[in-house]
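Letters A, B, C and D name the chains as they come in the text, with residue numbers starting at 1 for each one.
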Amino acid sequence: MRLSGLFAPIPTPFTERDTLDEAGLARNLAHWMATPLDGVVVLGSNGESVALDDDEADRAIAVSRSVVPSGRLLVAGTGRESTREAIQATRRAAAAGVDAVLVRTPSFFKPQMTTEVFVRHYTAVADASPVPVLLYNVAMFTGVNLPPDAVERLATHPNVAGIKESGGDVAQLAEFVARTPPDFAVLAGSASTFLPALAVGCSGAVLALAALVPGLCSHLRSLMQGERLEDARSLQRRLAPLGRLVGATGGVPALKAAIDLIGLTGGRPRPPLLPPPPSLVDALRVELAALGALPVRA
Amino acid sequence: MRLSGLFAPIPTPFTERDTLDEAGLARNLAHWMATPLDGVVVLGSNGESVALDDDEADRAIAVSRSVVPSGRLLVAGTGRESTREAIQATRRAAAAGVDAVLVRTPSFFKPQMTTEVFVRHYTAVADASPVPVLLYNVAMFTGVNLPPDAVERLATHPNVAGIKESGGDVAQLAEFVARTPPDFAVLAGSASTFLPALAVGCSGAVLALAALVPGLCSHLRSLMQGERLEDARSLQRRLAPLGRLVGATGGVPALKAAIDLIGLTGGRPRPPLLPPPPSLVDALRVELAALGALPVRA
Amino acid sequence: MRLSGLFAPIPTPFTERDTLDEAGLARNLAHWMATPLDGVVVLGSNGESVALDDDEADRAIAVSRSVVPSGRLLVAGTGRESTREAIQATRRAAAAGVDAVLVRTPSFFKPQMTTEVFVRHYTAVADASPVPVLLYNVAMFTGVNLPPDAVERLATHPNVAGIKESGGDVAQLAEFVARTPPDFAVLAGSASTFLPALAVGCSGAVLALAALVPGLCSHLRSLMQGERLEDARSLQRRLAPLGRLVGATGGVPALKAAIDLIGLTGGRPRPPLLPPPPSLVDALRVELAALGALPVRA
Amino acid sequence: MRLSGLFAPIPTPFTERDTLDEAGLARNLAHWMATPLDGVVVLGSNGESVALDDDEADRAIAVSRSVVPSGRLLVAGTGRESTREAIQATRRAAAAGVDAVLVRTPSFFKPQMTTEVFVRHYTAVADASPVPVLLYNVAMFTGVNLPPDAVERLATHPNVAGIKESGGDVAQLAEFVARTPPDFAVLAGSASTFLPALAVGCSGAVLALAALVPGLCSHLRSLMQGERLEDARSLQRRLAPLGRLVGATGGVPALKAAIDLIGLTGGRPRPPLLPPPPSLVDALRVELAALGALPVRA
């Protein structure tokens, strides 16, 4: 299995009573399965995985698998602070039928998060995992960086299939590409650097933006594969403002609000996260409209 | 209840098979109850709470309560990323008899962790908690800071009893003291700034160092209460090297190794954390010996 | 010569035409010489030394020396990026009669600013300087830190008399004190941590605040020398708000505005620095009034 | 004049007695004028401008102008902390015949370096400058960032011709391109992100690497202009290791050593900078050899 292509890191919708909205999740996924997305990531950062309990996580995966057909990839986030809990979560996700797991770096004890510790952690998880493992570096949330040295070493493990790098450090992305085998997937996670990430050789991306405008994101990737740089640049420039709003500026709350705006089920983030302020919702509406992503009114 | 005084943030010992070592924990606590400590914090950062599952957490609290008498304070860490899980953990700890809870800031979605979000989170937890709540700011691990504005507002809540500030920013500690009522406990968490934290008015401390040399830490506090600054400074200087080793330098792995060295049950940290290198263990031995904390050999 | 005591890092006043206001400078100094200040630092960060040319620097020193009597210490900032220019500036200042020089770390090429580089730089300057040298660590402006290792090594040089540490890292201040001989002056530079800095053994301070309320700053130091901690704490708390305004919040522009408010010659900062906004001037007025530092109106 | 193309930020060679090596500088420039470089930047960061006095700066410009023909662009760094000194340096450089000036952001008083301050500073310099002004953002050395808001505003000034951005934040580079007119030059300054910078629309680059392998750097730019992304990526990958060595890893000392290795006059950096360690020189030799940049031995 090659974990390349375009993925949406989908949010987890909640009901008014702050419980998992399984119907909403299923409806969203049915919509996304009608787009050019190559797959989805459930229970990633945008899935508020850190705010879900194990039962909710299991149900979110089960619902997702019931909607995502075998031709599309279902990836589930299973990172935990301890190696044992990461392994347990990985095994449960695999048993529920996911195609791969996305394992966020442990990060709490920052000074102790050395290359050696990362390599041991991921090696143990990959050894135990029934499905391929994607490394997951998201320093903006974890405060630690998975360095190229660790990635190079881990890429030799037969069950480590790739990495999702959420940051915008394109030089580091290029180093990941240069220091890993060609079939090791390097997936970009920042919309602001989608084009340059593809330019340095990333094999795909996991973008919140792709949950909103999957066709345009897919088109940008096609343009880059066709070396149509000028056209890709124009498209990147059109996508950048919305990418910023659901990325660094507004995060999960903004992504959920945008998903509501396009007619799917976003809903409120789980407290203590707050919904975005009205001014941000207005800005989202403007950018979605500019990209033709708002539903047609009767 | 006034949450002032000297507390040890105790580690959670594990057996060789990486399970909770209840006997070791009980034995350690029995030792600490024979020292001048005013209480202990179980399941704090040094308790590796982020690596424990709920069942382990419940058992660690139960064991602690069975050893810590009512005259000493038992505080349990119950911070979680979501408000609902923080409340659930708090209620479970209260039901198990803890005197107070220590609630680490949520932190994952860093750009969204505003004063407003912190105030809502802690207000909801304090509203729901049967026992007093201590705020817990530990930016070195969480990557977010609980700002003085938030602390000032939260200090007006009748069930928010104080704050543990783990960082070494003494100006911020002073601001916490200045902007909260006199009965609001401001507890210092960094051995390197123990003396200056007391100098600016902190009412106590939660120090890893206090698990190793509780008598000396208690003495330093007494000296400061007696305004014997010169003597306190000499003692602070003697304590600083060991404080650094079990703090910024070595963290939990070093604290556990030091606890082994003084004849208690430290044990290995839970993977992916690694035991400290031999050179660090040697340094710990030297500093513990210099402070008279090593057990007498036959 | 012992470089202990209380110093004001004085601003450099400019005329309306942005030239050095020698008369204003002389008048300010005459005022400060009638206070308990042990000396002044001319051409420090607050003196906008980075915005002065060599001729202006020479004249500012000459004016200062003409007003500051031999019983008070006149220290001049002579730090430069290159060792050769730092030596030249130091020799010129010494020839003009300063008692000591304050040499800011070189800092432009940050990754190259190692302990080895710092030790070589300061050793060369101290070897060449006719007057005692004070190290000057001001990471908030330079972006580099002079580490305790370097300070410990440099403190053995017979012509390195001490260090001014502008930051609020009290643990580092304590380490400087612990790792240098008793006659090595460790001077604190942050008003927010004035009390705790003295508590850990600093022998004095160089405080912008001392240009505004020298008597109160001197009194706080006396209280700490007398181990009257409780009283010192009350005073520190009174001084902290003004200290913040002329420190982290408002910097040189705020200090100059405050100096105008107390009836001396502050004037505008040199462009591109802008004068503080009116709201900040109002806040300064409130705090100065609260400390009794505003001139009596007729 | 369009300031696009490939530029080398040339070092300033010193003699054994640490004086300006005018002959060495002229010889180097004669070599570079026989390469595809579109121009050179003298007195930039790599030119150790912060360590030169005004006389040395003037002479370095004069020598450069005497060698660089009118068909090639000569750009001189004239940034200073104060607006008045930046204007003076700019006028002197213009009088000496440079085609444009590169003006580093003021940066010392970091908290005061707001968009408003930057806009005023650069507007005043551009108003006064007889030649076009390039903004210069080099946060790795200055510790401040020139934000897109400021750049967008300054790009409307008829005498602000472009910006050199030395950092590797490709998203910011893309924002500079998107928010400025097409004839505003956005020049990349980091070899590690040369390709992605061109991919997002930069019109050229100022690269230390271009002083060593100008032909290869020029070729990479041609490939990108021809939308030959795959080939460009291969070349970028070959260039990256050397780029890192003379960039983040080794800085000016490494660049000077590399210039010596290719048979030109690099020489020692000015103290306190130290020459690179032998291991780094060896690494430079290996990478230069791999790129065919070492001179042929007899």
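As a convention for this text, a contact is a pair of C-beta atoms (placed from the backbone, for glycine too) under 8 Å apart; a residue touches a chain by one contact, two chains touch by 3 or more.
Because the structure is predicted, anything quoted here is derived from the model rather than measured.
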| item | value |
| --- | --- |
| Fewest touching-chain hops separating subunit B from subunit D | 2 |
| Label of the chain whose CA centroid is most distant from the centroid of subunit D | B |
| Centre distance in Å when subunit C and subunit D are each reduced to the mean of their C-alpha atoms | 35 |
| For subunit A paired with subunit C, centre-to-centre distance based on mean C-alpha positions, whole Å | 50 |
| Touching two or more other chains - residue numbers and ranges from subunit A | none |
| Touch-based graph of the chains, sorted into line, ring, star, complete or other | ring |
| Set of all touching chain pairs, with the criterion as stated earlier | A-B, A-D, B-C, C-D |
| Touching residues on subunit A, where the partner in the complex is subunit D | 168-171, 174-175, 178, 190, 192-193, 195-197, 199-201, 224, 227-230, 233, 236-237, 240 |
| Parts of subunit B lying in touch with subunit A, wherever the complex brings them together | 18, 45, 50-53, 81-85, 106, 108-112, 116-118, 120-121, 124, 140-143, 248-249, 251-253, 270-274 |
